[in-house]
Structures are given as structure tokens and as C-alpha cells.
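So, here come the structures, one by one.
Both of the next two complexes hold subunit A, though its partner changes from subunit B to subunit C.
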Partner chain A sequence: MGLFNRQVKKKTENGNGKANGNAPNGHDTNGHDVPPSPETGEGGAELFDVKTAETMGDRVGGALRDKSPHAIKALMPWIDKARSGPEGRAEFIDKTKEVAWVQADNTVRAISAGMGIADTRAFFRGDPPIEKPNPRYKVHVNAFFAHLRPKYYEKASTKFSHTFALGYLSIYMFLLETITGVILMVFYTPSDRRAYEDIVKIMSSIPYGQLMRDLHRVGAELMVLIVVLHMTRVFLTGSFKPPRSFTWLTGVVLLILTFALSFSGYLLPWDQLAYWAVTIGTSMAKSVPPKEIVGYFSNLIMRGGDTINQNGLLRFYLMHVFALPAITLVLISVHYYRVARSHGISLPAAEEEDPDPAVRKAAKERIDYLPELFTRELLWAAITTFLVVVYSAYVFHAPLQEHSNPLHTPLHTTAPWYFLWIQGLLKDAFVLPAIRALDQLIISSVKYIGVVMPPGSTIIVPLYDSPAWMGVILPTMIIPALFFGVPYINEWWEKFWGSKPSRQLLKNRKGTVVVAILSTIFMLVIWYQGTPFYGVTAPPAVEIGQAFLPEEGVLPPVPLVPDDWGPIRRLGYENLPDGEYDLAEYAVPKTTYTEFERILSAIQQEIMRRGQLWAEGDTEHGLPEPTGVFTIEQWQPNGLKRIELQINWTKTTPSDTGEFKRVIYLQQDTRYQ
Partner chain B sequence: MSVQFKILIGILFTVATIVVLVLYGINEDNRMSQYQKNFAGRTIQAGAEYYETYCATCHGEKGEGIVGKGPPLNRTDLLDLKKTPYLKQIGWQGTTPDFIRNTIAAGRPQFSSYYAEENYQQHMPTWSEDFGGPLRPDQVNALTAFIMNWAPGENPPLIALVTPTVGPTPTPIPPEEILKAIPFPMPPSDQIIAEGKDLYTKNCQACHGENRDGKGPGGLGSIKPPRDFTDCTGMAQVSLVLHHDVVVNGLPATGMPAWGKKLSTEEVWKVIMYEREPCKLYTP
Partner chain C sequence: MAEAQATAASAAPAKAAAAKPAAAKPAAGHGEAVNIGPSAAELAMVQAPMTRREFLNYAFLGSLGIFLVVFGGAFFVFALPRFGAGEFGGVFDLGLAGDAIPGTEDAPKANTAARSWVSNTDQGVVALYNVCVHLGCLYGWEPITNRFECPCHGSKYEKDGTYIAGPAPRSLDRFVIRFTDANGTVLAETNAQGDPLEVPSPNALMIVDTGKIIQGKAHG
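So, the complex of A and B:
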């Protein structure tokens, strides 16, 4: 009988106490062998008071034998042999080693989902697999995360110079953003009264809080960059052609989702930068034609109100943390499923279309995912993590401007850098002037048939709704349609010219090269037009003020570069001596100047430059006879200075004030990078 | 690259990342306290900007207070965190910043008991949007931080707070002398009245109203409303000399400024003529 299934024994004639039903062939219900029970004497019915001829030691030994694991049971005969002498002992030790090895091998197989000790060793050494069939493939069958990845890749498709691991890095960035995002979610509340405070709390009271926020920001900007580069690579290697057309489509949707994720997250700090950039972005929704219906309602749905307020913040937050990541995850799965299972990563065209069959065969040679490519991916992850962490910790810090103020738009507000191209389109530097010129042409030509139009009349211009065309139709309909249509336009193009589908770029796809170059130039031009350097001028004195004492930190129009609060703030409280400085005295910089005096000199030179522009006739950028005074005053004894730049010039019109003042305050503890 | 090489380099980079994180973490306490100070500074700066816009007209550019308008805010008897003599006096149990923040947010239903001898005739308006005012909570907090930043500093000298701004009492000028100083013939011509209207629009209209009826927005909240110049029964009690005295010397307790400091004699009389024009009271 076993040790643990004791029964209370009744006083019966044979008293063997087996009241539970035993199978007749001597096995108990568990199927284990049951040794014949010895005769029991008369005895008490207590649980542990069993009259039996077995000693306690025998009973424990019996129980161990019954219930021991199979391995030990297998060793039992050798254990007995070991008692018999030295050869028996030697045999026992050998057998033990064998059994132990099998146990370890089974354990390793369980952990590695299919590979035994020898194969795991081969895995880490980079040797070919030992067992047949290839146990590494078993891992892909048994394990969930491994089953997502292909069992093998074709050799040429794994070349770094072919893909630059951009698809992998895109998913890595998504994972980084998810992890840092969830950490940030713990400390953030999407309330217009608390959001800004929560961000400040993250940066100032939570250990590693600033690092998490900076990582999230760096990851977001990098993800947009990497996704765009990935798309460019796929375009240039022709990896959108059939059978990969639908994968390209899902990829374009993912690009749009990446922009949407980045944009929705942009609002969450609720500072001036966030609030106004998103106000600009969502105001384009107002222009969706027909404006009174679609534009009006899409604006309301996005913002939750006429302007962005608590409702809008909550909607953007929910989009950013739940809706968009969920959709993105599903689409990444679709996209990757097609890459991993349907058509694979494309091979470099030169090798795939090489006339020599040996080259083609070598390109298609299979490399197992485990271990070479798996370790390579882990290496990329380690390197990227290191670079991103170092960059976020020491170089780039996410900006935080003043609390959002719906009543005051900062000067030169721009959309985030990846939307500057839309802002550039809105400035309409090509179509509107063309339509105006067309109008002039029509007006001057109808004179010849006797129709005289009064000066200043327009025909086509009022019909052309620039914000609708340039802000909505072109960037959200026409350009995305072109992107989506790339594989289909390409197919049609090939049919039209009767060319054989080929992915070799320079040899057979010269049209693609032209398209790539032209569209890059177009994008760069409209991106530049979106920056504050083009087409937007504030009055010249305001521009001088903005250059040296900007209203908020100025974000450069490129990603991953820190914002700039101007030379005076950067100089710092300690280096700004009190006083009233007539800037005319600083016109010519001397070598003995301190940093502060050099800045004064720079301001004076800018002022003089504007005066010069006016004298040359540029009334838009110039100022007539400008002079400047720079005042620094101790405003509070506890370390607050008032800094004022005043620019005066000769009044030219009655409405001209002739004066411009820019005031900032600087406290002794504030630091601007 | 062999598998082992990749594993080795991968481990190296992972270790490097961990080392960077540990080094960063060692400095983290220091960085956080730097950032807190940094942000406290930025809050004070923002408060200074709001103060300039919303508070300086009544409380003075540097918190020194303005006669008849608002008490000083930069003095240690209000702000000293250790002594808070004023707060103790009124029985405030909370902290000084809370007192200031609540005063700004909700305003006051009665006139100031701080420097009560000044008889401020306007009460503190409600500022926070929680109570119907124009400011957001973060703006109220910034203002509080700015005002608290005057503590503990040395008490700046009281600028003519208790005494009227006109200085020592001048020897009274007999009325005939005053009337002799009118620089144009009486009754005043239309030209004089037109010039007086120009000056009135620039200086007096804000409180005395566009229609000279005392209903200008600047005069709201005063316990003694600005003079209604169209009320002829009341105006009949105001002689030329009295009118001149009030315009030149002001009425500190009501907020009527002393225009004698800003306007010349001729300008003062022109304005007076314009103000007396509705009831045509040109005799002394």
C-alpha cells in the first residue's frame, strides 16, 4: 500500500484494510504496482497505527519506489547492482549519467521548444543542426513567438545593404514606444487642468521620468523617419510589384497610422507647442469640402468642440493609447504575415535576375532563422537600444514650453516637422499665383472682343478654394491616392511600354529613378516652404525680437534636434549685468567683449541691417532709421530680472507706432539648454 | 559574423546600456532637484508676465501698492513665512501661499483689511475661472509663486502709501487768485470747449464716461461713483474753485488722480470748461 492513501482499517477477519476498490489484478486504482500486503494482526483503527510486518523504512522505501519518477525507477535495478561490488558501482554510475543526460536533454527540449542539448550547443556555436529532421524547425512549430517568424530566409534577402533592417527597426521602434508609453501612462492624466502639471511631475519628481519621456519622443521621431526610409527602400528596390502589391497597400496605411500616432501624441503635453501645432493640423479638417457639412463635422469629431479643449484632449489621448495602436498592431500583423509567409523578403534584383543560374541559385540558398538571423536581430536590438538610450540621456531632451494659452498664438507656430510639407502646400506658392496669372490673361484677352472688366476684378480666383485644395484635397486625397496606387500605376506603365517586369533599378527602371528624384525634390521644396523661413514675415522689429528673445523655445524644422530659447536665455542669469544699454555703442564688436556684449553687438548689427534694407528701398523687411535700447533691471531681490529690448524707428504712417518692446523675465534658477 | 561573435557583441552592448542607465540613475536625484528649481523659476517668470498685465495697475509695478487702488504685496509682514504677522492678526490658519492663491482666485467681498487705514474703495476682483474670472488655475499658481518670491527680502521703502501723494499741505491759494489764473476769457468759446473735449477723452473718459455721466468702466466698484457732469442739481453745488481743486489735487480715497501733476493749468481749465458745459455753469 502507498504512503499517502491510508484508509481507516475496520476490524475484519483478514483485516487487510483495503476498503477502496482495488482492481483484481493487484494494482490499485492509480495503476501502480501494489506489493502484496502482509498479514495484519488485530489492531486499532487509528490512521497511523497499522499492524503490519513491514518496518517503517520498508514502507517509505516502497512508497518511494511506487511514486518515484520514471528515471529513478529505471535506475532501480542498477541501484541494486551497485550494492554488489565495484563493477556494479561503475555500471551504476554510467547508467546514472545516461539517465541524467536524458533528463537534462528533455528539460532543454521543453525550454527550447524542440532542441535537445546537442542541438542547443550547435545553435550557440553556429554549427549546422545535428538531428534530422531539423529540430530548429520544431521550435517554429512549437513556440508561439517563434511561429510568427519564418523558418528560413533566402540568403540574398538577408544582406544588410539590401534592406538596412528597416522593417525590423520599424517594429522595434513600435515596441519601444509601447513600453515607454505604458510607463508614461501611469503618471499622466488627460485632463486640461492636470496634463501639463503631470508632465512637469514626470520630469521633476519621478526617477527616470525624463529619460522615459525623452525615449518616447526620440522613438516617435525615429519611427517616422525609419518608416519613411523603409518605404523609400521598398520603392527603390521595386518590392511593391506583384505579388507584393497588397503588402505595399498595408504599408502605406501603416505610414498614415504612424503619422496619426505621432500627431495624436504631440498634443498630450498640453503646452503652447502642442496646443497650437494640433490646432493648425485639425483646422485643416475644417476645409474638407463641402465645408458646411463634412468639414464642420469632421472638425467637431476630431476636436470634440469648436476649439481644442478638455474633450479634444481626451479624444486624442484615447486615439493615441488605444485605438491607433490596436489598429496598427492588426495591420502590422497583416503586413508581416504576407512578408513572412506569402512572398518573403525580395531578393536584390541584380542577383535575382542575373543570367547566370549559379548566381541565382546562390542567392536563394536557405539560411535558418535560428540561430544566425535571430542573434543578428537581437544584436540590432541591443545596439539600437544603446544608441537611443545614450542619445536621450545626454543629447536630446523633449521640449516643454509654457502652459497652453488659447488666447495667445505664439509667433511662427508650425506643425510638427513631418507635417511641414502640408503647411508648405497651404502657403500655395505655385497654384494660386498661376491661377491669378491666368485670370489676368483672360481679363486682358477679353478686351479684344470688347468686354472691358473693371480693374481688380477676378474670374477664376474666387472659384479656387485654396485651403480646400491645398490643405485637404491634395495632401489627404491626391497624394495618398498616388502612394496607394504605386503598384498599379507601375503595372499599367509596364504594360503601356511593353517592358518586362523587372526590379533592377538603374538598368530597367529609369522612369522610377526620375519619379523618385522629382518627388524628393518636390517634397523638399514644400517642406522648406512650410518652415517659418519662407513666406511668413512678421514686422521687422518683431522678427528682431523673436531672433534674440523668442516667445517660446524655437523648434528646428528637422527631427531630433533640441529647441532653442535664444542667446540671452542661454547666457543665463549670472551673466546678464543690470543696466540700460544703448545698442548704438555696440555697433562694432571688439575682441575684448564679453559674451553678453557680443550678443548686444549682434542685435545692433541686425538693427543696422534692417535700417540698411530700408534705405535700399525694401519696405517689407527694413526699418527707417532704427535705434535700440536693451535694459536689464533687477525686478525682485530674490533673483528675478526683467529684460527689455526696445526698438524705435521713424514713423512713416499715422498708424505706425514707431516703437517695439519685447519683455522677458529671467529667474536665477531657470536653465535653458 | 559568427553566432558567437554576435552574441558577444550583443552582450557587450546590453551591458553598456545597463552601465549608462546606472550612471544616469546615480545623478537622477540631483537632476530632479535641479529640474524642480528650474521649473519653479519658470513659474515665477510666467507669474511676472501675468502680474504686469493684470495686477500692476492696482498693486504697483513692483508690488509697492497704489494709493486708493491696491495694497502693497512685497512686504514681509504679509509674506514672511516665519512670522506672518498680518495672517496671524486675521486668524488665518493655513499657509501664506494658500492665502495669496485663494485671494487671487476668489477675490474678496469686502475692502482690504491689510493697510486698512488706506480705505481702499475697490475690493479685490475674482480672477480664477473656477469662480467666474478670466484666469486659468496654472496662471493663478504662477501669480502666487511670483508674489511669494518677494519674501523674505528686505522691506522696500513705503512709497507715499499713507500720506497723500501731493506732499506737504500747500498754503491755500485764495479763490480770486485761482480764478484770475484762468487763461482764456469766460464764458469759454467753442474752441476752448473742443480742446477740452480732446483732453477729456484722453484722460477722464475712462471713469467719467463718454457722455460725461460718470458711468465709465474705470469708475465701477468705487464707493463714491465718479461725478456725473450732466446732473445739474448736483453740479450746481460744485463751484469753479472746488472743481479746480479736485482736478488738480485729486481725491486719493476714491481713486481720483491728481491731474495737476500731468496737465498744465491751461489744460486743466479747458477740461473743467468741457465738464461744466452740459449745465453751462461758468460763473464762479
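So, the complex of A and C:
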């Protein structure tokens, strides 16, 4: 489209027929062109003369206004004059001021990579530039970081309601994670003997340690969210269509890398949450077909062993801290290079395809990056930093459960929220029942012709390997293929219907709207199925225990919400009086109850509800004649309490124990808010 | 030209530039009578009053600068190593003075955890940092010559750490010793010069504070 830096005019001569001191890359690099003196008609030389340039930097950069001579040398003729009398002295002083101005101006130009004192001030005032050619463009030529950014944007593409700054925020999040991550690396050791202790130390005895850890966690969850939103925006505005198809591909790879970064960091605290979530994740890798080759070896290489141990921790650390960030940085560069240099940010479709040429022209009006868009980006960075820090300081705290125990998996272990959709697929609530129903149908229909088959024996049942299809093929092959294929499927679809490629969503891309709505519904449904609320029920007494005294903190299935350790722990050590409490006494809540007594009452009401369910005939969720006892004991004098919830019920089968106990130990200084 | 220059009375360099907007600028190295000061447009911009936008821009940048400084400070406090009790840099409990301190005629006692030698002389007891003040090797007690000798470059010190010979620039560094009774009240503490401390009683508890190092006196 030739939008960006391909339109620099190559000047080989100036108006006076004198050779221009151009830098080799064809850019005009110096300050103002000086017309010849009106008196003598001479002069008018370019300020930048290749022959007298003093350094390589001068020739290549050429940002300095005047290759001004050494100050003393410049002032020599006036020093003699200064001795001659007051007039000469005045001349000398004025000349000194001039030389001082040039030196100062040159210093500012060197620092700002092209803008002098007056230009810099114009920059801050939002005024148009003082010099020609635009010295702000010089900054883009002379400075590395400014060179990465485009010199100007098209006006309509900078609208907030078009992009919501999501691409910018994705990179900002990556930067935030890198900085907070390096800070955390000061105190973290990837050893299975030390990692947990290091995290506890960071959270408790190092100043700002908890803030840094929380920032890193909030940034991680926010980054996944923002990257997904960015992808959604690009999809809905059709900004994946040619010539942006390859950019979309790199974007999908970046999405996968974001998940990988988040997942590899998840293991590092080495607590129960980390250990078991990553065990589940790597076990899924074990089933990638062909299982004996790809699955087996990829699992072994990721884990560094049969189970996750020290080797695995070190490998995940290496991936998280170096390998994945390096690859992500390279891909961000590729992705951004295309956006900034090749095809630019897309314009809002309504304006770009408007029949009125004036509207289209106005949409393409140029806005210089410096200063307006640069200050806007700084503002976004400042606002986001503020929100993230406030949120980490007051609302959200990164969870930490007990030290990882390879011998015990806690109840309600789940994958992190961005992988819950895979866990939902694994529960297979649609295809497997359909296969079973079909199997049932075949069996009952062949019964009429006298053939008797046991259930599950038709050929379709063993053919359908649920974990392989739902756990591996669908989430790691079919769905990613669909994502990667979006531009190409779209192109084929357009050819099929013979429609003109357009990016206007509601007018010309109704099919896309349908696809977007259906896939969002699909994702939400399987995400919900992935949560522990669906399809995983423990025995009713265990459920009661888990509701009030969960084994470990329960992570919500949505990002950025703190984990829940249950009302008892939240109440706090000081508010839990010792004693043995028969819950039947708390059946009816009184208004005079303390917070603790209200919780006891809530437990009793839940127990009674289960008893009621049993009486009504619900043997799955009910308990026969349940009673409960709640005990709090001072276990250690200096601040450890033992808290026990015991639920008893009438035994109905010989194997039934009739008793459930949940015991936790609460330390005085732990805060669970 | 001279008149134009002489009438320039403002603080801004070469107001005469306004009178000669088309002054030819020489190539580098020539100190001719031409004006290299600011052009009219530049001068106008530099002298213009501050606008609201400009002020807010500076204020915003200032606030970002404050944030960076505060963040730098937070990182500094975050990264500074802390010394706990029992770690070098902290306080070490050596137990009863009678057990920890050798006799005045006996060899000094080494304490590896506290990285010190406890020397008892007629003037009192002193806790010497076991690192030679020359270049950091660990010196040792030489019973044959009854002095400390460093194996690396041969610096030699008296029993109380005073410099005898060798490339070391000063006498050995000392730690602050504190004697407390059973309740914790301080009975005696090494003074700021690090002079040897008299032992108040063999039943006093002895503490060596490795966080407080007193440098040895430089020799002549």
C-alpha cells in the first residue's frame, strides 16, 4: 500500500545547484536549507557538508544542526575585538551567546535524535514543527526505538473504538511480565527443595515481594485475556483478510505461546495447585497419537522423568524464563513488523468502504506518531500500570496452597481457567452419550430379528476413543487448525458465494457473525463443563466439608478473582473460640449470633437439607439422619489451632463408614482474605 | 553588522538574527562574521509563554518520573539482602563469657559461624574479623611466634590485631562485643574505637554483632 516510509523524496541537489550532503540511505538528514545571502548572493550552503563532517555519526545520522567549530576556535576573532573596547566586548558577548546556543541546541539534538531546543518545545506544546523537513521524522530515522514505530498513522485507524488499544496492551503486558519476572528471579531458585520456601519468603519477608508476585500473576491472567480479546477484535473487524493473512497466522502462534508461557509459569511455585495442574496437562500430552511414539516421548521430554520432579521443574523454568520469551519476542517482532511497515492497522470498515470519497480521504488523514500518539501510548501504559498495581495491592493475591505432595491429589483439582475448555471436552457430554444412544438403538433394533447383543458391543463404541478424540484430536488439532485456517476458510467462503471481500461486519459478513456467536456459545458451554460444578460430585458429606472447610483454596474458574479458602479460615484465628460444638444446637439462627455462630448455623442447615433430601428419596445427594460436631482445639500454645468438622449418619450399607471427618490446622499469622 | 550586534540587548543570543534572517552560514571551521544563533521562528518558540497543554505534558512526564524513581526505590529495598540472626551480618550468641573467652595467656579462639577470632589480652577481650585487611584471605594463629599470620602475602598481626608487618594497610577489623546478663540488660559493650573490652563476669552472656565492624587503625 506504500503507506509508510517508501515515499521519502530523494534530493540530490538543492536549489542552488550545489550537491546535497545526503546520507547514503537517501534520507535528507540535516537541518534547514539556508537560502543564499541577499547581499552577496553567495553562501546558501547546506549546513551539513560531507567533506567536513567530523565523525561517522555525523555522516550517517546528520542530526546536528551545525557542524559548529570548537567554541574557542569560533570565538577567536572576537576575542581580539573584545580587547579593543566596549563595542568589541558587546560583540564578543553576543557571539559567545550564539556559540552557546549552538552547543546547547546540538546537545538537545543529539539526545532527542533530531529535534533542537525549539523543536522539542514545539513537541511538548503540540505545535507544528519549526523546521523543514519535519525534525520529528528525523527521530524515527536516527533512533532505534523510534525507528521501530511508524512515522505516522492513518487517522481512522487510531480510533479507540476500533482497536481498543488491545494490540498495544498485549505488548505492554508482555513487558510487565518480563520486568516483574526478572525481579522475582532475584529470589527464586528452581529446585524442588527450595522453590516453595522461596515463594513463601518472597510473600512474607521481602519488602514489596508480595506486590511483585501479585503483579506478575495479575499480569499473566490479564495477558491471556487481552490477547484473546485482541484476536476476537481482529476477527470481528475482518483484519485477517489479505494482505493480513500471514499476520493472523503469527498471531495465532503468539496466542499458543501465551498459553504456554502461562502454563510453564504455573508450575514454578511448586505447591499442590501447581504440581497437579501441570501433571494433568502433561498427561494430556501423553495421549497424543500415536501414543507410543509421539505421546510417550513428548511427555517424557517435557517432564524430564516419569513424574514431574526436579528435572521437570528445571525444564519448565528454562522454558518459562528464557526459551518461550525469546521465541515470543521474535514472533512479536515479525507480527509487529508487518503491522507497522507492511499493511498498517486496518481502518474501520464502514469508513474505508464508504461510497463517499471525502469520507475515505478523511479516514486516511495522517497523524504523526510524535507527539500525539506517543503520549497517548504513554497514557495507556500509565493507566494500566495504575489499575494493575491497585488491583494487586488491594483485591487480588496470587494463590499459594500447601507444598506439593506427589502422594495425594486434593479434591477439586482443576486446570487453570484458560484450559478449562479442554477439561470440559474431556467430560464429553455430547458425543459419548450420542454414541451410547446410537449403540443402544442398534442393539434394540437387532433384538427384533432375534440377535442378542450386550450393551456396548456394537462396533461404534470401541471405534470412538473418547480421550483421544476429545482430549487430544479436537483441542490440539482440529480447533487450532480452524484458528489457523480462518483467513483461508474465509477466502474460500467468499469465492464460494461470489461475494466481494468486505470487512463490514453487520452488512456484508453475516456468516462471520453467526460463526462468532456459535463458537462463543460452544466455548462457554465446554468451559462451564470444565468447572468442578459440572459432572464431578463427591459424596454429600465430603461436599459439605469442602464448602466450609475446603482442603485447599478453591480457585474460581474465571481469571483475576482471588481464591476462596472457606468461611472458617476467612473468619480468622482470633475469631474462632475453642470448644466442641454440637451443630444441632445451631439449627435456627438467632440475631444475637456472632459471625462464628452464624457459620455453624449455616453448616447445620446444610446438614439438615441433606437429611431432608434423603427423606424425600434422593439417595445420591442426601444423607440418612445426619448430625454434625464442630471442634476447635488449641494445638500449639503459640498459635496453632486444630479445627475439625465431623459428620455422622446412619449406615445403610456394610461398607459405609457412617462418619466423615475434615481436619485443618490454622496458624495464627496466616491471613486468608 | 557591528551596529546590529551592539543593539542586541536581550538575554537571548543574537537578537540580531531577526535583522539578518538570511544570513549565510559558513561551513564548519570558519569563524567568520556570520550569525549562527537561533532563527526567528526558533527564537519565537523558545521565548513563548507556557500553554496549558505544555504544562500538563510536563506534569505528566514529571509524574512518570516520580513513578520510576519510586519503583527504583522499591526495587532497591526489594533486592537488598537481609541478614537474619545467626547469619553473618547479624548477631551471634556465643554463650557464657567463661566458656567462650580464652585465658589472657592462651591462644585466641576461632568461631567460624561468626567469622571471628576471640582474643583475650591484659586490656580486655576483642573479637577480630577473621579476614585479613589486605586482600581478604583468612589469616591464622601461629602458636610458634605467638601472633596472627596471613598465608597469602605474609601480613602479621599481634594477638589483639595490631599490625606488625606486611602489605596490610591497617590493623585487623573488630566486631562489637556485648555482654548481657540473663535478663538481657547490657553490662558492657565495645566502644566506637573498638578498644578491648573488660569481661564483667564469667557468667555474663557474650554476643558478637557481626553487623557492626570497626575498622582497624591505619599504621604510619
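Here, the second predicted complex is superposed on the first by the 594 of 673 C-alpha atoms of A that agree within 3 Å, B and C clash if a C-alpha of one lies under 4 Å from a C-alpha of the other, contacts with A are read in each partner's own complex, and residues count from 1 in each chain.
In the analysis below, a residue touches a chain if its C-beta (ideal position, glycine included) is under 8 Å from a C-beta of that chain, and two chains touch if they have at least 3 such contacts.
Note that this is a predicted model, so its numbers are computed, not measured.
Asker: Between subunit B and subunit C, pick out the one touching the greater number of residues of subunit A.
Answerer: C
Asker: Regarding the shared-chain residue A:Gln636, is it in contact with subunit B (first), subunit C (second), both, or neither?
Answerer: After superposing on A, A:Gln636 lies in contact with subunit B but is clear of subunit C.
Asker: I'd like to know which partner A:Arg436 touches here: subunit B for first, subunit C for second, both or neither.
Answerer: A:Arg436 sits against neither subunit B nor subunit C.
Asker: Check the residue A:Asp94 against both partner chains and state whether it touches subunit B (first), subunit C (second), both, or neither.
Answerer: The second partner, subunit C, only.
Asker: Return first, second, both or neither, reflecting whether A:Gly116 touches subunit B, subunit C, both chains, or no partner chain.
Answerer: It touches subunit C, and subunit B stays clear.
Asker: Would you sort A:Phe124 into first (subunit B), second (subunit C), both or neither based on which partner it touches?
Answerer: both
Asker: May I ask you to decide whether A:Val186 touches subunit B, subunit C, both, or neither, giving the answer as first, second, both or neither?
Answerer: The second partner, subunit C, only.
Asker: After the superposition on A, what does A:Arg570 contact: first (subunit B), second (subunit C), both or neither?
Answerer: It touches nothing on subunit B or subunit C.
Asker: Which holds for A:Glu197: it touches subunit B only (first), subunit C only (second), both, or neither?
Answerer: The first partner, subunit B, only.
Asker: Taking the superposition on A as described, I'd like to know which of subunit B and subunit C A:Lys73 touches: first, second, both or neither.
Answerer: After superposition on chain A, A:Lys73 lies in contact with subunit C alone.
Asker: So subunit A touches subunit B in one structure and subunit C in the other; where do those two contact lists coincide?
Answerer: In the superposed arrangement, which is not itself an observed complex, subunit A uses residues 124-126, 205-209, 211, 375, 378-379, 382, 385 for both subunit B and subunit C.
Asker: What part of subunit A is in contact with subunit C in the complex they form?
Answerer: Against subunit C, subunit A makes touches at 32, 34-38, 40, 42-45, 47, 49, 52, 54, 66-69, 73-78, 87, 90-91, 94-95, 97-102, 105, 116-119, 121-122, 124-127, 130, 183, 186, 205-209, 211-212, 375, 378-379, 382, 385.
Asker: In the complex of these two chains, what residues of subunit A are touching subunit B?
Answerer: It is residues 123-126, 193, 196-197, 200, 203-211, 371-372, 375-376, 378-379, 382-383, 385-386, 389-390, 393, 402-403, 635-640, 642, 663-671 of subunit A that touch subunit B.
Asker: What part of subunit C is in contact with subunit A in the complex they form?
Answerer: It comes out as residues 2, 5-6, 8, 12-14, 16, 22-33, 35-39, 41-43, 45-46, 48, 51, 53-54, 57-58, 60, 63-64, 67, 74-75, 77-79, 82.
Asker: Within the complex, which stretch of subunit B touches subunit A?
Answerer: Of all residues in subunit B, those touching subunit A are 1-4, 6-7, 9-11, 13-14, 16-17, 20-21, 24-25, 28-29, 31-32, 34-42, 44-46, 48-49, 52, 62, 74, 136-139, 146, 149-151, 153-154.
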